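In the two assemblies presented below, chain A is common to both, partnered first by chain B and then by chain C.
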Partner chain A sequence: MKGISLAYNYLRIGILNEFQYRANLYIQILQTFIALATGLIGLNLVFSQTTALGGWSKPELLAVMGVFTLIGGIIRAAIQPNMERLMEEIREGTLDYALTKPADAQLLISVREFRLWQIVDIITGFVVLAVALSQLNWLIDLWSVLGFLSALVMGSMMIYSFWLIITSTAFWFIRVQEIANLFEGLYAAGRWPIDIYPNWLRYGLTFLVPVAFAISIPSQALTGRLTLETWFGALVFTVFLFLFARGIFKLGLKGYSGASA
Partner chain B sequence: MPSVISLQKLAKHYQVPEREAGLKAAAKGLFKRQYKNVKAVDEISFEIQPGEVVGFLGPNGAGKTTTLKMLSGLLHPTSGSASVLDFEPARRSHDFLRQITLVMGNRNQLSWDLPALDSFDLQRAIYSIPADEFKRTRDAFIEILEVGDLVQKPIRNLSLGERMKMEIVGALLHRPKILFLDEPTLGLDVTMQKRIRTFIAEYNKRYGATVLLTSHYMADVEALCKRIIVIHHGKLLFDGNLSQLAEKFSAFKTIGFTLENPATDLSQFGEVVSTDGSRIVMRVPKEKTSAVTSRLLNDLSVEDLTVEAAPIEDVIESVFAVKKEAVE
Partner chain C sequence: MKRYIDIYLSMMKLSILEQWQYPLANYFYMIGMIAEPVIYMVVWSTVAMQQGGMVGGYTPGEFAAYYIVWTLVRSMNVVFTPYGWEWRIREGQLSMSLMRPIHPLHADVAFFAGWKVVVILLWLPLAFALTLIFKPELNPTLLEMIVFFFAIWFAYLIRTMTLTLIGMVTFWTTRVSALFELYFAAELILSGRLVPLSLMPEWIQSFAWFFPFRWAFGFPIESLVGNMPLNELLIGLGMQIAWIIVGIIFVNIIWKIAIRKFSAVGG
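Right, the complex of A and B next:
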């Protein structure tokens, strides 16, 4: 209960903060538009040569692009800013204030920042998804909607956990910004469905960086490719990754010394 | 009365990577790091009773902040133990954290772009303060500090002193029983320092809170603290009343007097610290004070003669100087 109240209050503060910087909204709209345009051009180029890519048709790939944009928006709105702040506070020793609060430290560091204008990406993602689904003559059925939404939550949790693990290494290595930048590059690989990549890369992306899981599974749910086994596998992997991330974070806190004075 | 803060041989050691300057040493450090064990806090013990305001003094790097961080649960002690309100701070139990606060003069926790009022609401959520109690406390603090017109301005538009007032309000909204204040008046002008001091004193009186305060401004310490604890190189040097400190460590007293003939040579009496017209201030060894005073009165025509203990700044300085010699 308290967690929800806390998250709500931080969200409120975050939104209030964002309203101070209205220009960011316009910049965000521009950025989203450019990203969308380049994505669509790429997709059309590919499909001017062929009608299917690794078993995926054009509207299906458009759906993947929608999910990619959507999850990218969630990451940049809620996950990345919190992790960057944590990274900075570990380095500068300003994490102290968060740790003297009577609240779960992990919860606190995970909800402090929120970038409202990234919502443009989230909305755009949904729109692209809707267009793709209408091209697929998709019939709304409860199971695939539930599958999609649960996969979206699991995907976001995986990426959050993965990012927390990387950020927590800052407790020992202090400078991990470069590793975090690497993630952005790897995330870009999620633009295409995982099964078009060679095996070695596919497993790398899935288990080392759960990008593939995060984007492919919601897409699979929508296009009728998701099996129950995969869904359960994703669930187990999500829980495992979350617990692992929590463990690493707690271990890091224990050794936290803070920059002195 | 049982103590609220209790330290038993509390120690914190750091492993600090150490290398010589230069590229070659840096490259060597990539493979084999040399570590040096630094004893930031070296087996300190003391007890603090409920409601006490204690000044925690020491030069930079003495271990003050490290001690405060251990007491507020941020750092795990290397050895020894600390107990605050019967809690072990390092466990960071929520019941413990709800009753303490840590204010650091060089860091802020309020949201930079928002008015303080918004950040205060956040504190309410974090500490689960009941709405009416929160409002009462907040408004009382705002009134005492006279910041009614400032709480609606974004923090970034406030002056350093105004910002600090807001920080203190934010840090005390949950009405903690224990206050750890690390340089709360750092960088503030004299008036602002005074306001913050008055507020801390008022809070202590109103809620019977216990305060452990570090400051480089002796005025803070003199105004607020009956008792002081001095540490240096992580070791406890002194624990007692402010006056006792002067008694114990000051080797000098100051004699002030007005001299009819300012041209008189005073070198045989002692060291002249300052001359302001005919007003002279001299520093003499403590044990010679009475002899020098009577000689001054007999040999010269002096008026308004006063004998005072050395200013607290000088005392503290001599404490550290004495100890340094002893260590070396």
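Right, the complex of A and C next:
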């Protein structure tokens, strides 16, 4: 309970901070617009040559793009900024200031930053999704909505855990910026249905970077492809990944002695 | 002239030695970069297979060749970023280079040219691995290989000029990220980075002719994989040289105006 109110307070401070830089909202809108436009151009190029890609139609892939934009927004609003700050503080030794506070260290380092303007991406993702669903003549069905929302939460948790794992390696190796770069490259793969990738890449994506789960499972839920087994599999994987990430983070903390602060 | 050659060779040697110390960081960077073409390659090979083996004149094997060569051209395209200019001016780093008795741009060109030598060496095993996995169809002639060699270095110079130009906007304002993003989006579409230009609608293809982007990206790739006739290869090299010259002229003019505006913010 205390944890929730702590997270809420940090969120509030983060939002207030962002309100100091309102011009950034316009820059964010432009960036989102550019990303959306290039995404749509890519999608249209593919579908100017074919009618289906790996069994997915154009409106279905538009829905995938919506989920991709939406989760991308969540990552850049709440996950990536916190992890980058953690990386920085491990390197500089200023993580001490967070560790000496009387709260759970993992909770604290996960809620300190919030980029409000990224909400533009989240909203855009929902809009794209709505357009796609109307093209699909989708009828609101309680189970697929629940499946979608739960998959969205699980997907975000998986990506959070994955980020925490790679960020925690900063306790041992100082230069991990390149790994973050690698994540961005792999995340872009989520724009397309996972079944078109060759096997070695698909397993790599699903188990190393939980991109496939994070993006394709919510999309599968909406397009009626999600089976109960996959849903349970995703749940087990989320819990496992979360516990594993927590373990790695704790292990890293044990070896951390503060660099200079 | 000899003075410049000496300076260039020493600076390139320095940057080769410096970058060679970080093979792992360089490798991670390159692997991160490879995700992008691999995605395009898989998507377009899938489309080609669904369309009976060919789309826009490319078979899956030719797509593989295109996107594997893409990785080298993309690496050659990495130059000092416009965001770096912002930092350089904001932090007053530029003041230091202005003290030296040589134009600061020479230092950039030489430093990145030296780095490219390291990048090409590191790229070779990567290309070998990609070749084993994706089985590209690539049978270049000797002439195409020679043209390609010059084309990638010209591409490097074109992109150096265009990004320097856009970076110099930071002499006037530091709110430039939106402008940079627009530039990179135009480049993505018009250069052949997203897809080979032959897959684009006619009007985009003819539009792309008048921008530097395709000469710095699509043309070098196609010179090796595209089976272009001799006259097209020569026109391509000619366009590259023209863009380099135009770039140098503009960089010089804007530099002269900009440097009068410059007052270090710090440093």
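Simple rule for what comes next: the second predicted complex is superposed on the first by the 260 of 261 C-alpha atoms of A that agree within 3 Å, B and C clash if a C-alpha of one lies under 4 Å from a C-alpha of the other, contacts with A are read in each partner's own complex, and residues count from 1 in each chain.
In this text, a residue touches a chain if its C-beta (ideal position, glycine included) is under 8 Å from a C-beta of that chain, and two chains touch if they have at least 3 such contacts.
This is a predicted model, so every value here is computed, not measured.
Q: Look at where chain B and chain C land on chain A after superposing the complexes, then choose clash or fit.
A: After superposition on chain A, chain B vs chain C: fit, no clash.
Q: Would you sort A:V239 into first (chain B), second (chain C), both or neither based on which partner it touches?
A: neither
Q: Looking at the overlay, what does A:N9 touch: chain B (first), chain C (second), both, or neither?
A: It touches chain B, and chain C stays clear.
Q: Applying the touch criterion given at the start, work out whether A:L53 contacts chain B, chain C, both or neither, answering first, second, both or neither.
A: second
Q: If you stack the two complexes on chain A, which partner ends up touching A:L149: first (chain B), second (chain C), both, or neither?
A: neither
Q: Taking the superposition on A as described, I'd like to know which of chain B and chain C A:P102 touches: first, second, both or neither.
A: So A:P102 only meets chain B here.
Q: One more residue to check, A:I196. First (chain B), second (chain C), both or neither?
A: Only chain C is touched by A:I196; chain B is not.
Q: May I ask you to name which of chain B and chain C touches more residues of chain A?
A: Looking at chain A, the partner in contact with more of its residues is C.
Q: Considering only the touch criterion stated at the top, classify A:I41 as touching first (chain B), second (chain C), both, or neither.
A: A:I41: touches chain C, not chain B.
Q: Taking C-alpha centres, what angle do chain B and chain C open up at chain A, rounded to the nearest 10 degrees?
A: 90
Q: Contact-wise, after the overlay, does A:Q20 reach chain B, chain C, both or neither (first, second, both, neither)?
A: first
Q: Figure out whether A:Y256 sits in contact with chain B (first) or chain C (second), or with both, or with neither.
A: So A:Y256 only meets chain B here.
Q: What does the superposition give for the shortest Cα distance from chain B to chain C, in Å?
A: The answer is 8 Å, the least C-alpha separation in the overlay.
Q: Under the contact rule defined above, give the chain A residues that sit at the interface with chain B and also at the interface with chain C.
A: none
Q: What residues of chain A sit close enough to touch chain B in their complex?
A: 2, 5-6, 8-10, 12-13, 16-17, 20, 94, 96-97, 99-103, 105, 108, 254, 256-258, 260-261
Q: Show me the residue ranges of chain C that touch chain A in the complex, using the header's touch definition.
A: Touching chain A from chain C are residues 25, 28-29, 31-36, 38-39, 42-44, 46-47, 50-51, 55-56, 133, 175, 177-178, 181-182, 185, 188-189, 194-195, 199-201.
Q: Can you tell me which positions in chain A touch chain C when the two form their complex?
A: 23, 26-27, 30-31, 34, 37-38, 41-42, 45-46, 48-50, 52-54, 175, 178-179, 181-182, 184-186, 188-189, 191-192, 196-198, 200-201
Q: Quick check on the complex: what are the chain B residues that touch chain A?
A: It comes out as residues 14, 40, 60-61, 65-66, 69, 72-76, 92, 94-98, 100-102, 104, 106-107, 109, 111, 113-114, 118-119, 121-122, 125-128, 154.
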